[in-house]
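Going in written order, the chains are labelled A, B and C, and every chain counts its residues from 1.
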Amino acid sequence: MTQSQQDPTGRLRHLLSLQGLPRDMLHTLLARAETYCAPAGQRAPRNTQLAGRTVANLFFEPSTRTRASFELAARRLGAEVLNLDISLSSTAKGESILDTLDTLLAMGVDAFVVRHTDDGLHAMLADFLGHRAALINAGEGISNHPTQGLLDALTIRRHKPALEQLTVTIAGDIRHSRVAHSAVHALTTLGVGELRLAAPAAALADDHLPGNRFTDLDQAVRDADVIMMLRIQKERMAAEQVPDTTQYLQHFGLTPERLALARPDAIVMHPGPMNRGVEIADSVADGPQAVIREQVANGVAVRMAVLEMLLD
Amino acid sequence: MTQSQQDPTGRLRHLLSLQGLPRDMLHTLLARAETYCAPAGQRAPRNTQLAGRTVANLFFEPSTRTRASFELAARRLGAEVLNLDISLSSTAKGESILDTLDTLLAMGVDAFVVRHTDDGLHAMLADFLGHRAALINAGEGISNHPTQGLLDALTIRRHKPALEQLTVTIAGDIRHSRVAHSAVHALTTLGVGELRLAAPAAALADDHLPGNRFTDLDQAVRDADVIMMLRIQKERMAAEQVPDTTQYLQHFGLTPERLALARPDAIVMHPGPMNRGVEIADSVADGPQAVIREQVANGVAVRMAVLEMLLD
Amino acid sequence: MTQSQQDPTGRLRHLLSLQGLPRDMLHTLLARAETYCAPAGQRAPRNTQLAGRTVANLFFEPSTRTRASFELAARRLGAEVLNLDISLSSTAKGESILDTLDTLLAMGVDAFVVRHTDDGLHAMLADFLGHRAALINAGEGISNHPTQGLLDALTIRRHKPALEQLTVTIAGDIRHSRVAHSAVHALTTLGVGELRLAAPAAALADDHLPGNRFTDLDQAVRDADVIMMLRIQKERMAAEQVPDTTQYLQHFGLTPERLALARPDAIVMHPGPMNRGVEIADSVADGPQAVIREQVANGVAVRMAVLEMLLD
């Protein structure tokens, strides 16, 4: 990655990855996001901090939840939102992504929220934009999904503030999960007590990623404070000879029996959308330990904080 | 249908069906809609009653007019609108509709406007939402399209307020028309004088639906005050051996000759989009008795009234 | 064309074509657009002149940049914007475009921004709308793209105000380019000194279009003040035996060597999206003489001016 997402003074210019982002910056972002979390039953805060600014959503992969979350975050700060379905339009004419950014820049777009399957693309786009506009990574191949990592950290911290005492288990197809990668980046920087990465052997993370490896989920969840289940990509399971979906829940899903091995006050997380009955049992997904809806709500708050910090 | 759309105090929580909705409630909705009808040539009223509220449009069937009508209605009350094209995004990942609603709820969506081909789905979604958000049925299989029924009732009432003296003829593929079903629900509750249902034999409504049956359109329109033509679904015509489109206009379309059998001041309605030259002759569609454009304008007013009543 | 875009008093009712638009009207539009050009580094001006008005974007051809430009223009004047993807919705039901317009009119749409492949369609739509709403041509087959012509004229004028002394070269597939046609209409009405149309023989404009013809690009750019390169449509090149893309740059693209034949202060324009390395060399597209980004920024300003003049 050539583009620093922070300028020499430490100011955040783009949000590309949580990897390498200093602990102070994470704390600042999370603290700001806290101010955008509505107390239960109350309406989400809104202001006009970004009135007159324009945010363009460029999603090259289909998305309901992340696109909606960014759209609401931008609008709740008073910004204009342009939703561009690139696959249906300019690529039909072979326009390059850089030329699209350049064109939208000239129209006065201030921030680009980009989801794309290609690892490394976002850093290239940020290099291109420089100080002219902000690039926010809304999902990058298998490597980064920084606003997801932030909302996961926020959700954990709101339930269990003493991070250095926590055991956090992330379980699923770690190797191919941008959610896992960004969560690991956030949690290691924030100094979580013990980080466990649990996956079927073929899907364990490679060696750069910190954390203790487990191939047995029972062992991985024992006495954990936080269990974050990942979404299974069914296409990948076939390719890598992971057991089929009907067997998966017993082998590597979060069942009530398995959850009982964790601490009694453990929280259960999932980035959604869930494959119910595959990586997570219905009764766990809907049970009292699940904080999955809070993750979604925190996602809007985190994205408001990121947009505000980058554009204000 | 398990979910009552009204709570025990009579307050409207969801709008699923006009069937079973008390006459008082219909009158209240129509009276409120009247306040949103612009006098001819004037701009539609707008206010900020729903500022800070978010309405999500979830259309699982393609729609231009109904989606646009709901979008304008919500915005003219100051609400935010999220347009979600579900078929292109989350279902590509197999996310269930309930999980989509749950996610959007967590982001602060206050009302869901849903169109779907499955009969019964909307009641299930409303059950799931309970008091957390409002569900508005924007088209459900062949059984309900309540805002269309309301706009039809409003249009009739504005032209001919003495409903109990009217003869209203609904003609077309009654059996498979959610428009017809919702119109019948509204008009019987409001106490229309005589309700006539006219269809080729194979497309007549089954017995639960009140109204006098006709298979001869000439007889059905004789001395009618209101003639509501339905859109022909060409696919269904073939399947049920209804005459082909070239013959249809003569057999079962509204021609000027046929319209002459009705009362001279009869109004002609159509929910759109019209198959001109099939169920309705061009000269009738564009003639002085047609109130089809008013139906569209009234549709926005009715949807404003519904949104306001559910969210305020 | 049957519909006059100006009413008998000269007031602009629709924007269909720059052909036949009086010089005064062009000057008025360009002067108004100037007021919406932000000084470099400043945010685009915005106001609430069109608050309460609704603009519907009906794009029957895919478009990122033009659709976004119109959307931002309308919103920066305070108007509501409805984006309607017609191909996905009403045409699936066979609804005619006129019935779609009629329906949206009844909902209170004030202006329709329409892009379509059919030459002549826009005049027909404007005839239908009459004084009820404005029709803005956002791209029509191969014949008109008037807001592009205006932004090109604005861009030239801002760099070189003495139009009557300029030599302007338009180069590419002139015959099939609506961009070229609208630019020629604008520049001839505004009285440009010399207009040169350069194309491979098969793609030269037919005789109605004023301007001097060139089939040799070197000759066409010699001593030019302005060079406007057109986008190559690769499909058409094959059909008309124009050289393939790898050879095209040398034969008919703007290389640095060719640009050196023009005046040293010549500006280089392109409507985008560019085929880099085909009709324009990268170093020219990104070089100091290119004003391509300004064209994009001016496009928003021009569309604000057009919307304001038509709706105010």
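The working rule: contacts are C-beta pairs under 8 Å (C-beta built on N, C-alpha and C of every residue); 3 or more make two chains touch, one makes a residue touch a chain.
Note that the structure is a prediction, hence the values are computed from the model and not measured.
K.L.:
Chain contact topology under the given definition, line, ring, star, complete or other?
P.N.:
complete
K.L.:
Since chain A and chain C are copies that touch, just let me know if over half of their interface numbering is common to both, same, or not, different.
P.N.:
Different-residue interface.
K.L.:
Just the number, please: Cα centre separation of chain A and chain C in whole Å.
P.N.:
41
K.L.:
Which chain C residues sit where two or more other chains touch them?
P.N.:
Residue numbers touching two or more other chains: none in chain C.
K.L.:
Considering only the defined contacts, which chain A positions touch chain B in the complex?
P.N.:
38, 43-44, 46, 62-65, 67-69, 71-72, 75, 272-276, 293-294, 296-297, 299-300
K.L.:
Would you mind writing out the residues of chain B in touch with chain A in their complex?
P.N.:
52, 54, 56, 80, 82, 84, 86, 88-90, 92-96, 99-100, 102-108
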